[in-house]
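Letters A, B, C and D mark the chains as written, and numbering starts fresh at 1 in each.
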Amino acid sequence: MTDKEYALFEERQQARGIDLNTVKEKMKSLKIETPSWGFGDSGTRFKVFKNRAAARTPYEKLEDATEVHRLTGLCPSVAIHIPWDKTDSYEKLRRHAESLGISIGAINPNLFQDEEYMLGSVTNANAAIRRKATDHLLECVDIAKITGSRDVSLWFADGTNYPGQGDIRARKGWMQESLAEMYKAMSPEMRMLIEYKFFEPAFYHTDLADWGMAFNLANKLGPQAEVLVDTGHHAQGTNVEHIVAYLIDECRLGGFHFNSRKYADDDLIVGAINPYELFLIFYQIIDASADANPAIRDTVNKIAYMIDQSHNIEPKIEAAIRSVLNVQTQYAKALLIDLEEVREAQERQDVLGAEAAVRKAFEFDVAPLLESLREEQGLAPNPMEAYKSSSYAKRVGERG
Amino acid sequence: MTDKEYALFEERQQARGIDLNTVKEKMKSLKIETPSWGFGDSGTRFKVFKNRAAARTPYEKLEDATEVHRLTGLCPSVAIHIPWDKTDSYEKLRRHAESLGISIGAINPNLFQDEEYMLGSVTNANAAIRRKATDHLLECVDIAKITGSRDVSLWFADGTNYPGQGDIRARKGWMQESLAEMYKAMSPEMRMLIEYKFFEPAFYHTDLADWGMAFNLANKLGPQAEVLVDTGHHAQGTNVEHIVAYLIDECRLGGFHFNSRKYADDDLIVGAINPYELFLIFYQIIDASADANPAIRDTVNKIAYMIDQSHNIEPKIEAAIRSVLNVQTQYAKALLIDLEEVREAQERQDVLGAEAAVRKAFEFDVAPLLESLREEQGLAPNPMEAYKSSSYAKRVGERG
Amino acid sequence: MTDKEYALFEERQQARGIDLNTVKEKMKSLKIETPSWGFGDSGTRFKVFKNRAAARTPYEKLEDATEVHRLTGLCPSVAIHIPWDKTDSYEKLRRHAESLGISIGAINPNLFQDEEYMLGSVTNANAAIRRKATDHLLECVDIAKITGSRDVSLWFADGTNYPGQGDIRARKGWMQESLAEMYKAMSPEMRMLIEYKFFEPAFYHTDLADWGMAFNLANKLGPQAEVLVDTGHHAQGTNVEHIVAYLIDECRLGGFHFNSRKYADDDLIVGAINPYELFLIFYQIIDASADANPAIRDTVNKIAYMIDQSHNIEPKIEAAIRSVLNVQTQYAKALLIDLEEVREAQERQDVLGAEAAVRKAFEFDVAPLLESLREEQGLAPNPMEAYKSSSYAKRVGERG
Amino acid sequence: MTDKEYALFEERQQARGIDLNTVKEKMKSLKIETPSWGFGDSGTRFKVFKNRAAARTPYEKLEDATEVHRLTGLCPSVAIHIPWDKTDSYEKLRRHAESLGISIGAINPNLFQDEEYMLGSVTNANAAIRRKATDHLLECVDIAKITGSRDVSLWFADGTNYPGQGDIRARKGWMQESLAEMYKAMSPEMRMLIEYKFFEPAFYHTDLADWGMAFNLANKLGPQAEVLVDTGHHAQGTNVEHIVAYLIDECRLGGFHFNSRKYADDDLIVGAINPYELFLIFYQIIDASADANPAIRDTVNKIAYMIDQSHNIEPKIEAAIRSVLNVQTQYAKALLIDLEEVREAQERQDVLGAEAAVRKAFEFDVAPLLESLREEQGLAPNPMEAYKSSSYAKRVGERG
């Protein structure tokens, strides 16, 4: 049945002027980085449930990530977290990854789990603690050089819980000072990705609270500093795709931490709560990918797509597979938008026509396209089922 | 200087028709329960910072609570959490509290920290887990009988993270079933306080998501079931004092869990983020306390005021002192509202006049009143300073 | 191509155990009421743009509604607003509707546009204004009797803008008093639908602020009073489908006012901003429609689906067509959920399996199903295109 | 009694090291601009209630504003709106204002009430409409030159209601293009104040949605472009005082539109819903006013404080008086913060100490200070009462 479905699907798309071979080429270049910490235990402040199948060592994490890549063809790199993935030799870690057929992706410093960081890391009023935090950033730059990672991803828990607790403007200056030092240490091909967050764990003010603060900081630091958008780090109602389009237009969108939220930073599986929003994010990206300005096209090409979730009740590997397939699905749909049709409707001020031109692509069932693509790539048509019946799943099930 | 200030303050209030002796009598009857868990370590999902001064045993917790009561005169009882405060003999625990001059307050079951409760406790699709959860509720009723506690406080983490994960209506039925069984086990003078929460740790749906669900359940169970309002458990923008007034009018407001929030369930010190909201809550309560309907007056009299916060970066005992003083301060201000003035302005449709009549009471500096009251009660005029210079503080500082 | 597509679609659904004939039968019974005021000019507080094609008289409104029904087969009734649709003879209006092949639907009183209602209608502190408001409600009951309308839909703008402005509990009592009087006036087959709203135009407190207040009031009034859910009247993040499931379980869900929102009560075209939410609402409804309890099934059968939007920049009739097709699309998708598959996954505590069982139905492209259905109903396969090329559209374009 | 109260108040402040004469000097330099449109009728999309006392002509508006200044000594200038205050001769208008003892303040272009602006003004896809909009901006620059206004305040309703409706990045470019042209037309002492808004009347995306977009645009335009913060234009939970501190630190805070909100852009009387937030905004401003960096001090000195509210149910002049007094009250309280005490607590990492050092100033009752100040300024001690008993109030009451 699948063949017939694909044939019909192709016929319908051709009739709309959409060439599926072009679509498939673009889909083959989609890469989504999984995080090593996504394969270990995580949870809420109330309880971290022990997941029998969770990876217990950095090695197991890399292997789990490799399995996700083997099944989906989408995840050739793994982000690591220092010190969670601390090891004697990052050279060895790099070779281990390579031996598995993947690579080490973004390096993620941790500046929130040391007792000294209770009132801030790079924005702590205590200069010695700021020094320590900056040193950790420099250490991560060094690690990135060894692992061959292009990106160092920065998320800061820094902020305050009460009015008056901290000197907001002084902290702003300290943040800039620390990152300027780190910036200088990077080699020319490296990038610093600056993440922002609306709140949590700080509940009064967060030093980098929104895209504007991350963006302004990146601007001051230089062209190798870019903004990282975590889809769960905004106020309710925020139009995330607007921010995405804006940052691309400024050539400052470095990448994503993908996940879903309904309330706060819920860190659920990406695309599970509001799939249309994910589609609309890709619509902005794809629209910009054909921009006349080469700097904008270059920005789009370098976007790092990364998963960052907290699987509290989900089995880890299944959750990772589900996540990357959700991303792939919405990306595929967005590629089916007839951008010319949209533009024409916009130009003739046809509100409903322009909206419909975007929306219709979301309504297509892309299952035939995805299955055909996987066949071309030598993958199982349904990665989730393939995983469940794999010997790997059986082995993982016996962990712990 | 204080005497002069009080005299002037009294003069001004008398000129408005407010009798401070009446105000003081009401203030003397204010009781705020502290939670045993507020004296131990707590934090966010990112990190629980070790607070050197945190209580390490149930005994230390009771002693810390006693110290807070000794200094403020406001906290004659302590809520306990089962199993965090599990002990061989609750009879002994009760006597220990009594020997300290305080009593055991509300019993708080814990239905979220056992591995089996990952997908729900009383609303779990597995009947055996529901049975276990209900048994724990019955155990807490038994404990309450021993400790002499009037109230059992119920908060459920139960809910789902994804659409389709659970059968929302079946879970609603299971919740009712379990609580009906518990209800029957209570003795006639006991109360079941049902708490609701907008979200967290469940991120798609929470079985008791708002006051309406808790209220409807209480209605079905019977007159000993009432609603517990946690000031941090609402959607952004929710008018909490409206809910308070509504529940009083329905004679179903059982009590409060006080804390502050700016974003989600931030669990900061009550009154620290939006003190006017706390004042407006007390305005509704005080307004109802003089109602012609004795059932409403009775409801007001039985309201249990409890603190429930998560002190992540604050020293525990200071945070508790600060919290109860914040509550006392806003209560005092609300008692200075001239309710007759408000009513007259409301009746003549004078919007700004009615608003001003309420607001002006918030603007008074009640420090002279509080100091005079403490003097009458034989307390130090400034409980926080008294604590800091106490031998107790010194001993606590040497903990851990 | 369509026939082949439908055949393939049917084949795939059959393989899943879904019988499309049953689905189609259910789809044929879907009725969505359009509002007369949706065909006239509307806007924001900043500007009401003159839409050349807007209906100018009640007669034109009925005709526009008829055209939408003619094209979609979904809209056999029109809600009217008193006094916007005030007329000498409602008997005549009824006959006019009947002559067009439609009927008069819900009667909507207006208690917010008279100068006297500035500080409240049925909750005004002035008894004479409350009397006037109640009389208007009684008038609407009388009109409903003449027009043969089953439902009277109540939305109140009543609330306050400032703390202290109104006596919250007194207003609660006045609301109940007024509606009790109206309730008595209804004939046995009539229903009172009580709408709630989080805020606007009242900005401090709204007398009926959430489903809980509307539900409690309906409970007190009697079985003919039910709750009306407007999808745009909730706090950010609110799980609307949870409320829907809850109200069905209590046999108190009377109907919907459908529209979309991203921020506040944006009143955009339903299904345009978050289509998955609309699908999940229908999932709850369809799940309950097969309940063992006949009272629940009966509640589901009587749900009134109504559109209530404010088309600020959209052409009116196209917007109405688009709206009802969006509803039909999500309803069709929800009918493709294999409820048994969901239930089994829920029972074996398979979080991702249960979620996927619901979600997969959303991913189907139901265009072949809808086109096949329309063919059976004798409708054009694409109602929007049919409208655009119709003589009616041409005539409407020449209005104003 | 007042004299005694002031003496005691002064004594207490002196004991804290606060010199009231310095405080009074600062208070005397506080200027709050009222908007001409605040004296006319306004409302919600549901109804604009006719306020008998509303000003009917630009002349009456200036006179009402003059009366507010006469009573409070706080409002020496009035913002005007073009074309609402359109007149034959702005030279004449300027002289009229001067004859009343006030001046014309910020010029506010209107780019949302012309039919052509339905889908955008300076971001409209139609170049002719963009031209028209830009011309209006240039006209406003010309008017400012005549009226002697330093500031032109820009708020754009521009945005879209549906995904796909507009080309987000193209619109961003058009906005910049238009403002660059306007920027060039300004004389060197003029400023362009760029306002942002989270949403409304656009409900999908707003072209200038947050401070980051306004800030980035100002940065690109040049030093005469600054950001205007409207306190009601943020997402729920946003820490407005953080944004204020941030913009001051970047020397880009041009001014405020003050008002209160609990939900969306409610436009209620400033300081009425969350007075502590207003106090905390002034805390950041006062803290920066003593900065070592002269550019920051200069930024603070040039902040334009403006009221922008929509009085739906309030009498206009009373609402204006109330508003500016609320601002003055919180400003006075913030001046009582002992900044040194705060800083020391911050440096010793004393969370509760730092918070208390800020908060204690909020708790002072500044009535004695305000009355003493007014006496020095030759004003009535209670401006609201003075107004109510004035002949002006009587005359205004007879309007309409």
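Structure notes:
Here is the rule we go by: contacts are C-beta pairs under 8 Å (C-beta built on N, C-alpha and C of every residue); 3 or more make two chains touch, one makes a residue touch a chain.
Here the structure is a predicted model, which means the values were calculated and not measured.
Separation of chain A from chain C in touch steps, taking the shortest path, is 1.
Interface comparison, C-D versus A-D: the higher count of C-beta contacts falls to A-D.
As a whole-number value, the distance joining the C-alpha centres of chain A and chain D reads 40 Å.
Counting partners per residue, chain C has 119, 161-163, 198-199, 204, 236-237, 239, 262-263, 272-273, 276, 313-314, 351-352, 355-356, 359 as the residues that reach two or more other chains. Within the complex formed with chain A, the chain C residues making contact are 1, 4-5, 8, 11-12, 15, 236-237, 239, 262-263, 272-277, 313-315, 318-319, 322, 329, 351-352, 355-356, 359, 362-365, 367, 384. Listed in rising order, the residues of chain C touching chain B in the complex are 119, 125-126, 161-169, 172-173, 198-199, 204-205, 209-213, 215-216, 234-239, 241-242, 245-246, 248-250, 276, 280, 283-284, 287-288, 291, 342-343, 345-347, 349, 351-352, 354-359. Those residues of chain B that touch chain A in the complex are listed here as 43-47, 49-50, 112-113, 115, 117-119, 157, 161-163, 198-201, 203-204, 236, 261-264, 266, 268-269, 272-273, 310, 312-314.
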